[in-house]
């Protein structure tokens, strides 16, 4: 009789929820932890910096203060409009990070919804959505990004919108492919056998299983969105002066590259290191959330 | 005896896509015009090798796969034409246990949630009642309720199979399709799960449709057996009858191929020639004829019907007549 | 296979059409190309009206698209509005070879570098070599192209000088003035000097990510059962890796590389801008910013068609490497 | 059983896996011997170390696994002392190997012929043409119809049974002295399994090679093997000739396993099978003493304290148990 068996033993160890295990594994990933530390440092600097260095990033100094070399008064020097570069660096960082974050998260949300819907329902819905994705993926998006940016105007939110318009397709494909494989899993069949409704299958059974790739993709997406913002602003169609972003700080820097290369160094290095940290973190998350580890 | 499930002329074809427009250019005839019935309280087994359509058949019976043609009658009511939402209330009385203990549990849900989900979906009882029921069922299948909050990956294959069984019985169903329930498990665990299935059948008055390839397992737990080959049922009989008087040449070969854990038993083995043909292009006439040592011209031309040769012993072979008269000879 | 080719060709048509439509709509949002003309006193108002009508600017966008599309099909690609007196076709076919040179070189260079590095990284997983390569791939992946371009210009034209005092490599452009009529070899040498920096800058991103992908595909293959079989046969390790593992690891890489082409084209436009290379990328940017949409549209369409063809070729290559893909 | 010359002498083999979560002793002091022309059945459940043992013999254990102790004496020489190059010459030539999944064990992008020829060319000093002829002969030998056509086909164009035949052809290409078959028929259907077993028996008789037959299925061992070694948690727990093991099992594990398998002849159906309780312990948390004691109905204090030695309980019948099973002890 089954009930007379000794109830089966499960290994006596502390039990971890999925996310705590992911966190444990993530902490062992050296590159990812390095990335995280650097990123946190950058975020703190960008937030705390302006509280200590109370210089208006927009104000143009009176007098002949253009392109001053770094000094006590202006640790990063001044730019061609005689604005304090350090103050702009802080302000620009905040804007760049915010654009990167907002654009990547929105693009992922749109992509995930499209992917879930296309993958789950299949058929005509899937065919239409995926053809749209194919079309957008075939166009070299950057020139159109610039065109759209020049139409929509040059505020922060417009830039986010532009990046999102051309940024969701990768996530849609990714989520769709995960959903398609989840649909073939036996636990989905089990759910159907129980009588679980399609929406519950989608949100209770599928969504937690696509979270891992979604999170990785968002993390990497923040990095690439920051680069997109920088590229657009560099060409003059992004965030407009006097507002600062790391990208538009580079806009005029090219002209002064011969006599004030530091103007290229500071914002560029910041972008590079930030993106690098996001890539490290993304890689660490991918390893930590590898579904093969939790079957 | 009362028939719980009746399957009439059940057919399932899967399309093979191809051509310029990805249109069906062929069909996998997974289940082809199959009829059988299952009595209340019995274990009815579908046995066969890969490609025989046994799993498709089992899943189609509970409408997890949509049939192409045919009728499925459950408790006297035809369920073939019901929509999936009309099927939902019926799912309380029909459930399924899967083969793969690793794939059949959602890795992101704790065990308690997995077992509770059927109650939640069918809106049975308060949360407290549901939780109590989960604990009861866990005990019933031999899992300690301590592990309610653990995730599937923390369990072994046998324990996961118990979780799957708990999920299947939590609604108190009448009918369970068990799709290869032990074939992925280690030998010493198989017996435990088989015992559990037998025990639950007695306690809960369950009717099983067992889909399996291991004939020793099938022999141990089933009352009646249907042998399938390439989408067709070729022989149906009571278990002891089938094992003592197999009439279809395929059944005979299948039984003789089973290895026996006894070095002293040296049996005359009927070795079948060649492979199982593709279910996309099954042989004409009798589907087994390409591997049958008795095949004659008629087997190519005409498909043998499944006839009752001796009270509830059905065989589909041109050379088996009423009264278990076999007329096949090696040509 | 034949059916597959037909099907793929048929599938490409709506994609190209769709891509053209999307580009057209966005570009026509940019603004009226004739508004700028009106500021030019030399152009008569009546002429502008005539052009307007000829270009369908009296029609709604979607009808205008069909009008434009019809004229493209008949071979009339329209005049360039950016470079008065030239047709869009002339402008584009002057820019196209330059871009193809840059992209082709970049493509070959990236492949030659990243595939072996990816293999080494995978074979020596968790070794110092692997960690170093991993670090540098991330470095490449994370580098904003345009900024790296600026830094390279700074390095090779400002910090590094030839003994003569001239910069080591030219900071931009595509040809030294006066070289246009030089002998072929001299011109080639001149061109190479100009291409080195853009190609390196453009390659950095793709090398970074391809090394990572090659590494992970290779690792995946290294755990396959058939490699154990190959070793159990007594094959030397070199043969196990280069015959049995490599071909299987290349299968997914083909798709990946085809998919990354649009990004390469995008990357090219900003790099061309930075290095002032008169290629397609710069042309598209200039054309759309100056409302020269006949030129911009054709250039965009050509880029899209290139990408579609590349995907198509990738699929065919794929079916050659992988015998399991048999197209019905 | 052929002559009595010793072919393979495995002495106290230890293969450990050094994982992040701890050391897994996959093979922990395994010993057995195979004489020329003999079939040894190594049987056990998943995680008993049988596959790792076979890979250790041909020195193909993947990282983080490592052979940390013991000797593998093959034809009088210790394989563990051989250089990689010497080992390579033994693999595929003197020791052939076939695996469980014929689909994943064959390289999908090369033809069957190419993969068999490769095995021949690497060990034999013959030309391509000759190798091709040999390959086609081998395909014929393993019972593949139309060998010339199959030679140019890819693995995915063959059925499971045909693929396994091709694997066998490859393993047999240099007439090995020892064939290791690791669950070679597990993935196959019963009627196909019967064909492959007959083929292996036939080839074994014809060539006189020795076979290490690894499986989880006791019935297959009863059919194929001369000698049986039963493995549990990386150790051999019972070791004798096939009749003695099946007729007179001494270790409670073998005994329990034999009784728990549903039988084809038993009169009693639909009753509880005498199952072995519990499950194989986690490799990270091996119990003290005898590893089987938590599941053993005969366990006493000494079993919880000490690991028993593999001892001779009957003439040339060894078992690793303090309380070997006797008929009188049988629990009903």
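Here the chain labels run A, B, C and D in written order, and each chain numbers its own residues starting at 1.
In this section, contacts are C-beta pairs under 8 Å (C-beta built on N, C-alpha and C of every residue); 3 or more make two chains touch, one makes a residue touch a chain.
On a predicted model such as this, the values are computed, not experimentally measured, just so you know.
Peer 1: Does B-D or C-D have more contacting C-beta pairs?
Peer 2: Here the pair linked by more C-beta pairs in contact is B-D.
Peer 1: Compared with chain D, which chain's mean CA position is the farthest off?
Peer 2: With centres defined by C-alpha atoms, farthest from chain D sits C.
Peer 1: Could you give the separation in Å between the centres of chain B and chain D, each centre being the mean of its C-alpha atoms?
Peer 2: Centre separation, chain B to chain D: 31 Å.
Peer 1: Quick one: chain B and chain C, Cα centre-to-centre, how many Å?
Peer 2: 55
Peer 1: Nearest whole angstrom, what separates the Cα centre of chain A from the Cα centre of chain B?
Peer 2: Centre separation, chain A to chain B: 49 Å.
Peer 1: So which bits of chain A are touching at least two other chains?
Peer 2: Within chain A, residues 1, 5, 8-9, 11 contact more than one other chain.
Peer 1: Counting only residues that touch at least 2 other chains, which ones in chain D make the list?
Peer 2: Residue numbers touching two or more other chains: 272, 277, 279.
Peer 1: Please output the residues of chain C touching chain D within their complex, sorted ascending.
Peer 2: Residues 223-226, 228-237, 239, 244, 247-248, 251, 321-324.
Peer 1: Under the definition above, what is the set of chain B residues touching chain A in their complex?
Peer 2: That would be residues 59, 62, 64, 87-89, 91-92, 94-96, 98-100, 102-109, 117-118, 121-122, 139-144, 146-147, 149-151, 153-155, 158-159, 162, 164, 167, 171, 192, 195-196, 199-200 of chain B.
Peer 1: Quick one: in the complex, what on chain A touches chain C?
Peer 2: Going through chain A, the ones touching chain C are 31, 131-132, 134-144, 146-148, 150-151, 223, 227, 230-231, 234-235, 250, 253-254, 257-258, 261, 264, 268, 271-272, 275-276, 278-280, 283.
Peer 1: Within their complex, state which residues of chain B touch chain C.
Peer 2: It is residues 17-22, 25 of chain B that touch chain C.
Peer 1: In their complex, what parts of chain B are in touch with chain D?
Peer 2: Those residues of chain B that touch chain D are 43, 49-50, 156, 158-159, 186-192, 194-195, 198-199, 213, 215-217, 219-221, 223, 239-240, 243, 253-254, 256-265, 269, 271-272, 274-276.
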